[in-house]
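Okay, handing you the structure first.
Letters A, B, C and D mark the chains as written, and numbering starts fresh at 1 in each.
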Amino acid sequence: MSYNINEKGYYGEFGGAYIPEMLYPNVEELRQNYLKIMAEPSFQEEFNALLKDYVGRPSPLYFAKRLSEKYNTKIYLKREDLNHTGAHKINNTIGQILMAKRLGKNRIIAETGAGQHGVATATVCALMGIECIVYMGEIDIARQAPNVARMKMLGATVIPALSGSRTLKDATNEAIRDWINNPVDTHYIIGSVVGPHPYPDMVAKFQAVVSEEIKSQLLEKEGTENPDYLVACVGGGSNAAGTYYHYLDNEDVNIIAIEAAGHGIDSGESAATSVLGKEGIIHGSKTLLMQTKDGQITEPYSISAGLDYPGVGPMHANLYKTGRAEFIAITDNEAMKAGLDLCKLEGIIPAIESSHALAVFEHKKFKPDDIVVLNLSGRGDKDLQNYIDYFKL
Amino acid sequence: MSYNINEKGYYGEFGGAYIPEMLYPNVEELRQNYLKIMAEPSFQEEFNALLKDYVGRPSPLYFAKRLSEKYNTKIYLKREDLNHTGAHKINNTIGQILMAKRLGKNRIIAETGAGQHGVATATVCALMGIECIVYMGEIDIARQAPNVARMKMLGATVIPALSGSRTLKDATNEAIRDWINNPVDTHYIIGSVVGPHPYPDMVAKFQAVVSEEIKSQLLEKEGTENPDYLVACVGGGSNAAGTYYHYLDNEDVNIIAIEAAGHGIDSGESAATSVLGKEGIIHGSKTLLMQTKDGQITEPYSISAGLDYPGVGPMHANLYKTGRAEFIAITDNEAMKAGLDLCKLEGIIPAIESSHALAVFEHKKFKPDDIVVLNLSGRGDKDLQNYIDYFKL
Amino acid sequence: MNRINQKLEEDKKLLSIYFTAGYPNINDTVTVIENLEKSGVDMIEIGLPFSDPLADGPTIQASSTKALHNGMTSERLFEQLKNVRKTVSIPLIIMGYFNPMLQYGVEEFCKKCQEVGIDGLIIPDLPVDVYHDNYKSIFEKYGLINVFLITPQTSEERIRYIDSISNGFIYMVSSASVTGSQSGFGDAQTEYFQRIANMKLKNPQIVGFGISNNETFMQATKYAKGAIIGSAFVKHLTNSGVEKVDDFVTSILT
Amino acid sequence: MNRINQKLEEDKKLLSIYFTAGYPNINDTVTVIENLEKSGVDMIEIGLPFSDPLADGPTIQASSTKALHNGMTSERLFEQLKNVRKTVSIPLIIMGYFNPMLQYGVEEFCKKCQEVGIDGLIIPDLPVDVYHDNYKSIFEKYGLINVFLITPQTSEERIRYIDSISNGFIYMVSSASVTGSQSGFGDAQTEYFQRIANMKLKNPQIVGFGISNNETFMQATKYAKGAIIGSAFVKHLTNSGVEKVDDFVTSILT
């Protein structure tokens, strides 16, 4: 049994491309070409060179000594926070901008939640001299102000999404609308393993460099490629997909996915899709999503803009359904505390998204000789004001 | 002729340790031990491991294609902005915290201008679980708010310096006062190649990893270890010292040092020490500094908090005096424009300090086949508000 | 014979109107339908509101949000339509996104449609292939016509494929865009309308998106069998209420 | 014989007072000196203000800033002191940081000191070695005593070295700290005072830093030859002005 995508664009029963006909030419063009383009030596070469010299890869696999002591286990942090622009998102945008160029596109659109994907997209557009429009929920614009400023510096146009919950979901709707309106010259750089096939697979493949590096780094440090556990937070699921990718079918390695419980699973203000979601269609993909029994998509809530999304990518829906991954929901409070803890113990200020992953250690007891690799998906510079307000520092 | 330090702690006629007797035991303890400790294999091992796994070194040497095209020369950026905490400063604080531990110190103080050194110090203190006090000018606290927030997150105490120009110079005074008051258990982590011997040399040696990496990276990319030019901004001079270190005595390589001209050399609001300074004593070191004819230290001005310092380290005073380095002064306006240019051309938001270095290309014409390596000393996240206000974005 | 097919055989250009069920007020649905028929409209698309209508522009999205807020659901809509066939005889189509239908159960949804007298469905985010492989037989079992969209970017090959599996009409999107975003048609549209007409498809085409007045209605129907008006009508409902439906229809037809 | 050495030979505990030249007002310098002598002070340290007085606490720093603001410079100070020896006979020491002296020219500075009747210098940031190698002969040429500091952290060996190159007194910093930061002495200080006394140095010691009233003056001079008051006096000047110097000195001595 494989947990990877099949030829039809499905993970088990999840995935596919549930898109309006207006998007068909774009998505189909991408579907027909993405694997071929990614396989071209010139693509590989350019992609790898940029990851190395521009993004700063490989990102370190850092043994967190004081954190490990606190929880009496062996914790390695995969330092995606050290990437250029401060999160894993750039791995994907580098790949997609090269893809867009080869598809002859000269206009880029993107949605963003935490703003990391928006910044990463604005960045690669500046790098290539291509026009960039980023949709961002009005609420997220307010709570991730530094990233809005960065996008402007980089020359991108940031358009507020004013509908619905005015967060990531709605920004995605707006981006899709833009794409419908601009079907020829525009490439839509989706920021996570969501959306219609082939996006979930393409984004996962661009992020797969994370687990590729983990394998060789862990081999060097521990004499084995296999950790006992992989831990990552799941908004749409791209940092998690990258972390799991090369281990998906290796059941010696346990997979843990962390979702945002917001004020608590039962509070009505949550984004814990696996617990609260049901199968359905969101943003062109059949997956798990939070919805009313009538099929209206629920407005999610999380303190973390990057996890404030009512769905998960189809890969994760399948990992949940099959039991391959253990899903744990972490509240705002637990995440914030875990984030501050990392600051104090390791001198690393994590993105609030990543803080959710870090809270796993208060939830689950690991054995002293367990090797736990956790994706520190981003740095917390964008979240400083939230932390400061929260802790009244 | 060597441009490195001599046994007495001088670069040519600059350097020495002009300190009150109250500081003598501390500085002397350091002077007697620093080379020995740095040479210990266990020190080297710990230092290098942290630089790799925690800081994320080597930092890339990135060929800036679009910038190179614009200026018709070959521009490589040494990406210190990708280091953990976002600037070169961490190279030094990692070294010094290991030094402090070996000297048995359990309390750390530091001064900071842009806040990068303060953050880098707070970071390593958190990493090692050591108390940290950072002095920062009141003006700098206002203009580098994100870094103040970061220091708080990391558990450091930030104490405003309220005297004088309320910038870096005054923060340094306050830090020195603290050290005088706490002579036994405290190590003072100076953030640049300034202060009494052995600080300038010690900090330069910790930063020397920058030029060590440039040599091998350039060899890989261009088939030679030697660029035609090295460019770095000079506040106190630590990123510059690191950039030049292994090339100091190799006169095939031209050295360019960029200072902050503020509103202009003759405006009375400047920090261009080489042009405006004279020999004198500042913060324990004989060097060039801006002063009245009566020997009072002048209050400097630069839009960049990290360059807003009336002196330079003694290494740089000597490079200036001997003509080994060319010094160029860049105004606020030129720097800001160069910074925005890098955003738009390369998708990199530089620290305003580094933007000064980037303005070199508007000042000096390089040949098409010149290889110019420029130290991109830090990222601009801390400066977003300044850029936005300046450009009314 | 399905009412849609019957209507398409009439020798006239058809005017089809879209509105959102439960808008402006929850119980306006049937009133709007009745008034539309009385005003001389040929066909009606009843919008089943969805929280995330990604093919729709701001006007229809706002009406959907309002309708949901009013309490509209699939269940409620079927309830409202229970007796619609006692008073209305023109073709009725439900236009909605796939997720609410999926949650209702596709077969159950189709069954209910048949029960209340719905003739067809337009589901923008249900792709042709998925329909063909999974749902075609269900739709047919309940006598429902499924309507597919084509756009100026749709390839000739794909148009022929869509034509082959369609059995009512083809919804010809005037330009690739979300609803409500165009005003007036240019050369590109005319060229496109003509190109499609020349393909001599087995299904007639009805143009949608961007029709808002008599002029655009005339342009659109020069080459096509009919035209659908959505946003412009919803705007009219917002401004003038359900009683003035007549004014709007008159303004389009004359 | 230098006035300092003469004074040190007197069989009494010495009270030395520090103040900042040109403070509170630019022309107060000589008035303060005269009033101090009249009040029974044994020795005066005239602070040459510096922009960055890193061994000083807030009180003295603030007075320096004010004095600079008032226009005090080395030149101006020498000007003010031109006739001081017509009215004042106790030892006068200039205390200042090295950079202003360096800019003035060290030899020129020393020459001026001699001309106006200055007996010695205290330069906190001129290290013993640098003095010894570069400036000792100049100081001696102009008959100036240079005073070095020791602190509780200074090693015995270094104290002996400092004693060997001193020819006046040793400035014994009561505790390692900037000026004005202690209030009262504890066991550690007493132990330190005693330890130094037991070393039987050739130069007498005068205690500075942390002396602010009769009690601390008595404690400090129990083992040492005298004591220096700085911040407490500057505070008094700030609050009570130059005419009330007498009150302050009386409060210390009785």
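Side notes on the structure shown:
Keep this in mind: a contact is a pair of C-beta atoms (placed from the backbone, for glycine too) under 8 Å apart; a residue touches a chain by one contact, two chains touch by 3 or more.
Chain labels with UniProt names: A, B = Tryptophan synthase beta chain; C, D = Tryptophan synthase alpha chain.
This one's a predicted model, so the numbers in the text were calculated from it and none came from an experiment.
Shared contact partners of chain B and chain D are absent. Separating the centre of chain A from that of chain B, both taken as means of CA atoms, is a distance of 35 Å. Chain C has its Cα centroid 66 Å from the Cα centroid of chain B. Multi-chain contact residues of chain D, defined as those touching 2 or more other chains: none present.
If each chain is drawn as a node and touching chains are joined, the picture is a simple open line. Taken pair by pair, the chains that touch are A-B, A-C, B-D. Across the complex, chain D is touched by residues 16-22, 24-25, 163-164, 169-170, 173, 176-177, 180-184, 278-284, 291, 293-297 of chain B. Across the complex, chain C meets chain A through its residues 50-55, 57-58, 61, 65, 68, 73-75, 97-104, 124-128, 130, 148-151, 153-155, 158, 173, 176-178, 181. The residues of chain B lying in touch with chain A in their complex are 52-54, 56, 59-63, 66, 79, 81-84, 86, 122-127, 129, 146, 149-150, 152-155, 340, 343-349, 380-381, 384-385, 387-388, 393.
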